[in-house]
Amino acid sequence: MRHGILKPDIQLGGDIMHRVMTALGVTALALSMATVAAAEDRTVKIAGFGAKSGVVRSFGINTEAVMQAAAEQINANGGVKLADGSVGMIEVTFDDDRCNAEEGISVIRRIASTDAIVGVGPTCSNVAEPLFGILQGSVDDAGDSGLQFPIFTDTAIKGGLAKISDWAFRNVPNESEMYRSLFEWLQSEHPDAKTVYGGVEEDFAHSRFTWYNVMKPRSDEAGYEVKGESKWLLNDTNFTTQVREMRRAEADIIAISAHPFTTCGVLKEMARQRVKPMILVGLTSSSSLETLNGCAEQAEGIIIPTSFAPVTDAAQAAADAAAAKGGSADLHSAAAWEIMMTLKDVIENAGVMAKPDTVEADRRAIRDGLAALNEAEGLLGKIQRTDEGEAIKPYVFVFADEGAWKVLHDPGS
Amino acid sequence: MDFYYGMAQLIGVHTLLGLSAYVVLLTGQVSMAQAGFFAIGAYLGGMLTVLSDWHIVPAMLLAAVATALVAAIVGFPALRVKGLMLVVATLAFGEAVRLFWFNFDYQVAKGDIQVGPLGGEGFKQIRFFPENGWTTGEVALFIWFWVVLVMLALWWMDRSRAGAVLRAVGEDELAAQSVGINLTSVKVAAMGAGGFIAGLGGAIYAHYTTHIEHSNFGVVLATFAIAYPILGGLSNVLGTLIAVIFIQGVLVEALRFLGDWRNLLFGALIVLAMNVRPDGLFDARVTRLLKRLLGFKADA
Amino acid sequence: MEDFWWNVLDTAQSILDGLMFGSIYALIGIGFTLIFGVMHKINLAYAAASIGGAYASLVVYVHLDAPALLVFLSAALASGLIGFLVYLCCFRFIPTERPLATLMSSVGMLIFIDEVVVHVTAGFPEPYPAIFDDVMLVIGPFWIRGDLLLIFGLSIVAMLVLLYVLYRTQLGIATRAVAQQPVAAQLCGISRETTNGLTFVISGMLGGLAGAMIGASVGVLSPLLALPLTVKGLIVTVIGGLGSIPGAIVAGLLVGAFENVFQFFRGVTERDMYVMLLLFFFLVVRPQGIFGRVSTRD
């Protein structure tokens, strides 16, 4: 077969044909070269990391699923626009830090040595605190040799961590605000409830902090009499003494600041000792599938404030997308979805180039972009961002009803 | 490069942890208390630099000395307990130390914030390194200076009479006694030395993670502490180092690409290693080989 | 005066609750001590294997909707199997003169079993069946949990069965023979390997029952259970005397009771410190344990 330009019989026609063909050929060549240029690797690498081992394994699984789902959606809708007008596709990686501080630090150093431009994680507060500690404290502080890599946290929720470093940002709910609102609402809804008694997991930073620094003072401020608290440890198996104390306290509201395992243990013991308070309040983290899996019957009616429930179309869509990737959307992993969407906007506005030689500049640009944010789009409504890098998120109150979490009250409506 | 410096730091600190158990293991005592001593070094070292504004070197040395004293005191009742009962007793002691720090509050106001250990919430903002502009590479060098020092000291001790005495006690106590070795002083000295090394390592640990809490120093760390010298073999300090590199470098980091399988392989490979090389990766045969290669006279 | 009376009652209640829980510790202690008695080794993977067996029995619970007793039985059987696996992987092929190697390999096994459980369940707490878990016997001022009473009873039965096996059956005689004089036993034609393997199976079954009992008493199984159970089990074994079954029983009940009393008086954060002090007290006053014999040259 003869290649090349067609040579028709008629000389004149052939001449024109020749020119048209050449023109077409050149155009085709030019177009293909343009496509090749655009297809040059401009991937925006977002590195997720969290716990995929131990009792918190489900958190890592969910965050990874959500990040993959979000990346897929963003890429399907045309990727992210980069500073020079070209388009970048998002690529997500996920590393397991096993909820261990040293490993978390190794993971972030490893991520920082690749061309990832932002990190999403960690899961555990006891990893987040040391991790933020090795970041550069104040940006542009030449005397501070800390790592310069932006981290946007989805899950680690212990209060006040983002202010440790200018490179640390969090999209976690503000428990102080949520419980303040919850107790005030409970006051108006159930005026006959006057007393509160607490149950607290003492040896886990988050649950301990939340009872003493959030639930207790907020309920007191809302006008309740706090009668005291019962304590146990993260892996305790015997709650007879603690529930006996609860029984004696005869409080109207029992607030349990503990994670699913001990929450279920305590609830089952309460059922045995016939302790039935008017209202049961739980810890934010326990508004997940784990609690319902362990003790749906005993947890019936427990009220928990949460920053995620599939009450809006966007939230439902995110939940479905996560499920399609093998994870579930709860207040922690849904935060990762919001983070991905926020990062897309920040990347587009901050002038990120996503080239191998612009990695440091890109990271700085993202950090500055995140720091400058006053507001971000959340699944339940607008999220306010504070100067410290924390988030003030819209929330709803859910309760356990027939083995599922249902919305009890939406304070935003 | 930062990542490799970070790995070097981690391997260095864990080598110190392993060596603290190694020196005690030489006398035949399996001590699960090293994580507890590590914790004492960490909290004391951190408190000295954060609350009293000390430089890290005097802080870690004082912390190490204090830890050595505590360890020596523990050494005395440990004499009454033999073999596997000692494992449990030291495990319990280590847990008791962890629980002590769990209950320990000592906060001091610095400017407008409170600093210091706060029981269950831990001890945060131990930022001597970043605040003084130490780069990751400098910290790694600093850590390895001490690791090499300790390794050289132990190596030198092993080639001297002290090493022979320690190992004699480890091999057969009755025979050692019958040649006039004072069991009490040897065992307590070994405990003290182990405590010193653990205290040193712990103080460094607190500073390179910047935040410590009681749960860092539990049974898992205590198990790692004895895993390193057992896996590495007791004939040589290098064994412990190799084991740390094997566990932290290979099993934890290098196998990351295996994703979820990494965690399953972790336990399985340890079982395999102990079945295949029950004397450790660096056993007596390898030591002899190494000595011959390096030109030392091969001992019997 | 009223307060004082309440305190006495509460202390008594704490002791009661603790004793019943202690029966679970006793089972675990027996398992540790059995292995030690026969092989002079510690199997650190024991508690993890027990919990692992309880998890395995969930299959029967969830898919076959079996009654609770059957689930407990399958937990025991599964743990017996896992126990044999542990024997093969950690003790069979490592020379007996290497106690450190067996210790370490059992640690590796502990980590492995834990990871398998976490992978299969994604770390979720899994509900576990119980018998009489809504029964509360109120005798005067005392509340006694019906399910704990049953657990206590089941544990006693298990211990009696074990003692029967050890003292009235061929297997038991073989086990004790290998424990006392391994060489002489071999000369009598008793296979050390078979006896050791069977010991692991028996202790595994006891452990599986203990795991099931813990699941039943808490109501949920969690991977969090393995490590604390290992520590408590070891403490019970040492207090009772390494190698002594009656010692493990008494020590288990003792630790259970004291633990609860410490918690009642000093709170949960200091409770475990006092349990450690209890151990140290025993080690100082009676290092061989309650029923152990003073050991001579190894």
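Lettered A, B and C in written order, each chain numbered from 1.
In this section, a residue touches a chain if its C-beta (ideal position, glycine included) is under 8 Å from a C-beta of that chain, and two chains touch if they have at least 3 such contacts.
Keep in mind the model is a prediction, meaning the values are calculated, not measured.
Listed by label, the chains touching chain A and chain C alike are B. Top-ranked chain pair, ordered by C-beta pairs in contact, is B-C. Chain A and chain C have Cα centroids separated by 40 Å. Distance between chain B and chain C, defined via averaged C-alpha coordinates, is recorded as 30 Å. Work out the mean CA point of chain A and of chain B, and you get 36 Å between them.
Contact of a single residue of chain C with at least two other chains is seen at positions 115, 118-119, 227, 269.
Touching two or more other chains at once are residues 102, 120, 260, 263 of chain B.
Multi-chain contact residues of chain A (touching two or more other chains) are listed as 53, 202-203. For chain B in complex with chain C, the touching residues are 25, 30, 77, 80-85, 87-89, 91-93, 95-96, 99-100, 102-103, 119-120, 174, 218-220, 223, 226-227, 230-231, 260, 263-264, 266-271, 273-275, 278-279. Those residues of chain A that touch chain C in the shared complex are 53-58, 61, 202-203, 231-238, 240-242, 244, 260-261, 264-265, 268, 271-274, 289-290, 293-295, 298. If you check the complex, the residues on chain A that touch chain B are 52-53, 95-96, 98, 101-103, 105-106, 109-110, 112-113, 126, 129-130, 133-134, 136-137, 143-147, 164, 202-205, 208-209.
Listed in rising order, the residues of chain C touching chain A in the complex are 10, 13-14, 17-18, 21, 115, 118-119, 122-127, 133-134, 136, 143, 145, 214, 217-220, 222-225, 227-228, 260, 263-264, 267-269. Of all residues in chain B, only 1-3, 5-7, 10, 102, 120-122, 124-127, 129-136, 208-216, 252-253, 256, 259-260, 262-263 touch chain A in the complex they form.
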